[in-house]
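These notes open a run of structures that come right after.
Common to both upcoming complexes is chain A, partnered first by chain B, then by chain C.
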Partner chain A sequence: MKVLTLNFLTCAVKACKSSSASFPLHPKDCELVSDTIEANPALIYNVLPRVDWAALITTASEVNPLPLSSVSPSPSSHLPFPPPNQIQVPHKRMETDKTNKESREQLGFPTLPAQPPTKEELEADEKMMGELHTLLLETQISEGMLRCGNCGHEYRVKEGIANFLLPNHLV
Partner chain B sequence: MEYMIRFTQVHETFRLAEIEALAVLEGIHLEVLSYSPSSPFCFVNLPSEDAAKRLVKRSILAKAIYEVWGSGSNYLDLHDNVRGLSQHLWPLYKNCSFKFSVDSFQGSRSTTEQRKLIEEFRFLGFDGPIKMKGAEQDFCISEEWQFDAAALGVHQPQAVHLGRYIGGSEREIIGKYDLKKRKYICTTSMDAELALITANITLAAPGKLFYDPFVGSGSFPVACAHFGALAFGSDIDGRSIRGKGKGKPDLVANFVQYGLTNQFGDSFVADLTNTPLRAARLFDGIVCDPPYGVREGLKVLGCRDPTKGKEPIFRDGKAHHTEEGFIPPKKPYSFLAMLDDILDFATLSLVDGGRVSFWMPTSNDLDQEIQIPKHPCLQITSVCTQEFNRWSRRLITYKRIPDSEVVAGVAREQRTKETGVNADDLNPFRKGYFQGFKAAFR
Partner chain C sequence: MSTNPGTQPAESYEEQHVHEVYEQIASHFSSTRYKPWPIVSSFLSSLPPGSIGLDVGCGNGKYLSVNRDIFIVGSDRSCNLVKIAHQNHAAAVVADSLALPHQNGRFDFVISIAVVHHLSTRERRREAVRALLGCLGEGGRALVYVWALEQKGSRRGWDEGGEQDVMVPWVMKSSKRDVGEAGETEKTFQRFYHLYRKGELEEDVVDVGGEVVESGYEKDNWWAICRRPVKE
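Moving on to the complex of A and B:
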């Protein structure tokens, strides 16, 4: 499941929808993979206004299994993320595939600004465009759980497919 | 400038809807001058040759578009009309290579007859070489014959047209997406041609996000991805997404087969009535063929017995629903209520101008017809019908209008909720279908 999709999803429990704690869902014990996807600037421009930026920042910090020791909480500056070599990637599906072979560094997450970039800023900043592309479209959760911060319900992700079906007592 | 679209004579009610959608997508001002469901020739006004090319280039139901050089009810009329209408164009093509062909709708011409008809246009004064392959200009004589003309002893077509070929369509890709050659299909996979038409009518295009809440084996997402959209899908039945296990084909295999993995958004298991998608304008288009209870039952999360299952079940101190193999209970649901849910969801999730299309079955019997659902925030842009013997299915498309254009005070028509717990009580179409459309819908 792509980080972009995670940004579109909240808890399926109706009672959770009104709570801000239900979004974004928090990845737990997740394995990440990276697919190589062709650059598509038009898509990024179109997607950007629909992305909840604050949630994306949260997700980008959480898909890293290590504690964010070096984060400075100042909202005005760029949120620094741990250097890529600190990010553990327990499993990489694509490793055997030559065309998709990537170094561990490429799964590291970019430094996201506190505010979403405008289209003009992105046009001028190829690096940021590339990083957003990698984060939103190429980075995927293959296995793990997604936890609602409000009700605590956990949704399983298996082979990249998340299951949002609810038991009867939560419907 | 006047152009002639050569349609195929199938799925007639979808043809204009598709062309009008493509005009919106390409930002072309399209004026339909003459159209008849019984004829494959449609005459339109378009601003330019380039617009004509762009209009049909990704159409599935059009074959080609021509610049109109003349029309008539017989060849004498046509020759006169060509002299009057297009004489100023003749010198432009005087020296280029060219070819003529004859297109007889509901009729046939032997090659000798074709040659004779073509040679009658000698007066155009073309001096360039004739090339049957790769000519710079293609001219087409189009004939419209009365239905069953040969049996009725009619020897002349009822209308004839001369046109210069401007551009072709993408109709041949139907073969590429043919279900027979697709790696992964299920009982409810949508026919490739209709799925592609649906994607066109819903304005799938590069950079857009599309979603199918009843994804099944992914027929619609594949069609939307073909036109460049990033396609998402979900289904309450995870088996349809995952396939039959490791190494066996799954939904993603179809994207791999067609080289569309860059256009694959995501697929997840979810119930539309308990959707995990946040309520925001996320999608440019929603396409779906909701299960109407005949091939596939319509179910949502919950227990048939409303008094049951209000508390989590614990087994050996472990909450049952947290176990890996847990399958949540599902109950039958009303098809009409689901259509309302789709419209509500579309209102919340579509960007302004975004479209939602869904397929809906109905009996051909007038008094058993299922009404087209309405929503104040959604404007119906087209209703297309595919007829079967006793029933038909419609493709209904709506456009999300901006909140500022929504007429205030128009309350949503509230459907009286169907009561009952079994599939027949909840779904009049299913009931009618299995009773042969006689006693149902009372």
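Moving on to the complex of A and C:
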């Protein structure tokens, strides 16, 4: 499941939708893989105004890839994707403070600016465009859980597919 | 076969006569569903670049790549169909149309093609339409397709005045792989459908507070493009 997709998902429990705590869902114990997707700059800058940027910043800070060395390549289950050890680690942005920069660097994600970049900024900054392409479209959660911050229910992600069917007591 | 879900709770009836069937026929079903319907394609192609939308009941995800300038999150009750969509690199999750994992009012468009007719009571079908409309933001539009009762031209022989709650067979042929066994095996699955009569889909849209922008009939199906009412 793409990081971009996660920006458009929330808890399936009706009562949670009115609570701001239910969005975004919080990735837990997640394994990541990287898909190779053809660059589509127009899609990125057209979609960005519709992305909940604050939620994306939260997600990027929470998606915690396993150390690459501990990820065993499983070509059979990830055939359409390159092996996990090909995950690109994008570079951090320069203007953030050092502590923050280091922690983000460990997570392997770009430090996102506080506001979404405009189309003009993206056209002038190939590196940021590449980082957003990697983060939004290429990075996939392949295994793990997504937890609702309101009710605490955890949705399973298995082989890249999140399952939002509710157990009877939550319907 | 009984088509009256009255004696059984609707949820478990649909589980047995819709969801379990699609789980089993997913691969065969998907191989027959590759051609996008023209009105759905033109609806998707008309959307401005960067539009964000949902495909509720996306099946194998055939509509998720029609327009590469928009982003669609698909969902389906059938894990096996979502797996196929995922293999085709579509963004798709497993979810129930009556408990969608999406924020209200966030989306530019929603499509739900040949899905709502699998719900076994009118109340639940209306609830599904309400949920689709609820996902729409201001100016957003939903395209809903359902099977029509009026199918005079089709081999199935249904028409005006007929029974609307029907079981529809799906015949699955599979080659025998074991050496020494000749021919094919054939298995028939029955799926529940509610066949919509003329005007019924529009009634349901209006009943849940929606507005019908445009509607029509295409190849054995009724369709409607609807929206939330514009605030004065």
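By our rule, the second predicted complex is superposed on the first by the 128 of 171 C-alpha atoms of A that agree within 3 Å, B and C clash if a C-alpha of one lies under 4 Å from a C-alpha of the other, contacts with A are read in each partner's own complex, and residues count from 1 in each chain.
Operating definition for what follows: a contact is a pair of C-beta atoms (placed from the backbone, for glycine too) under 8 Å apart; a residue touches a chain by one contact, two chains touch by 3 or more.
In this text the structure is predicted, and so the values were computed from the model without any measurement.
Trainee: Answer with clash or fit: chain B and chain C placed together on chain A by superposition.
Mentor: Superposition result for chain B and chain C: clash.
Trainee: Now for A:154: first (chain B), second (chain C), both, or neither, which partner does it touch?
Mentor: A:154: touches chain B, not chain C.
Trainee: Looking at the overlay, what does A:42 touch: chain B (first), chain C (second), both, or neither?
Mentor: Both partners, chain B and chain C.
Trainee: Report for A:167: first if it touches chain B alone, second if chain C alone, otherwise both or neither.
Mentor: In the superposition, A:167 contacts chain B only.
Trainee: Per the contact definition in the header, classify A:50: touching chain B only (first), chain C only (second), both, or neither.
Mentor: It touches chain B and chain C both.
Trainee: If we overlay the two complexes on their shared chain A, which of chain B and chain C does A:2 touch? Say first, second, both or neither.
Mentor: Touch partners of A:2: chain B and chain C.
Trainee: Applying the touch criterion given at the start, work out whether A:11 contacts chain B, chain C, both or neither, answering first, second, both or neither.
Mentor: The answer is both, since A:11 touches chain B and chain C.
Trainee: Tell me which partner A:23 touches in the superposition: chain B (first), chain C (second), both or neither.
Mentor: Once the two structures are laid over each other on A, A:23 reaches both partners.
Trainee: Which chain A residues are contacted by chain C in one complex and by chain B in the other?
Mentor: Residues 1-2, 4-5, 8-14, 17, 23, 35, 37, 40, 42-43, 45-47, 50, 155, 159-166, 171 of chain A touch both chain B and chain C.
Trainee: Give the list of chain C residues in touch with chain A in this complex.
Mentor: That would be residues 11, 49-52, 68-69, 71, 73, 75, 77, 79, 82-83, 86-87, 89, 91-96, 99-104, 106-108 of chain C.
Trainee: Provide the residue numbers of chain A that touch chain B in the complex, in ascending order.
Mentor: Its residues touching chain B are 1-2, 4-5, 8-14, 17, 23, 35, 37-38, 40, 42-43, 45-47, 50, 52, 154-156, 159-169, 171.
Trainee: Residues of chain A touching chain C in their complex?
Mentor: 1-2, 4-5, 8-14, 17, 23, 35, 37, 40, 42-43, 45-50, 80, 155, 159-166, 171
Trainee: In their complex, what parts of chain B are in touch with chain A?
Mentor: Residues in contact with chain A: 206-209, 230, 232, 234, 236, 238, 241-242, 261-262, 265-271, 274-282, 284, 301-303, 308-312, 320-322, 324, 326, 328-329.
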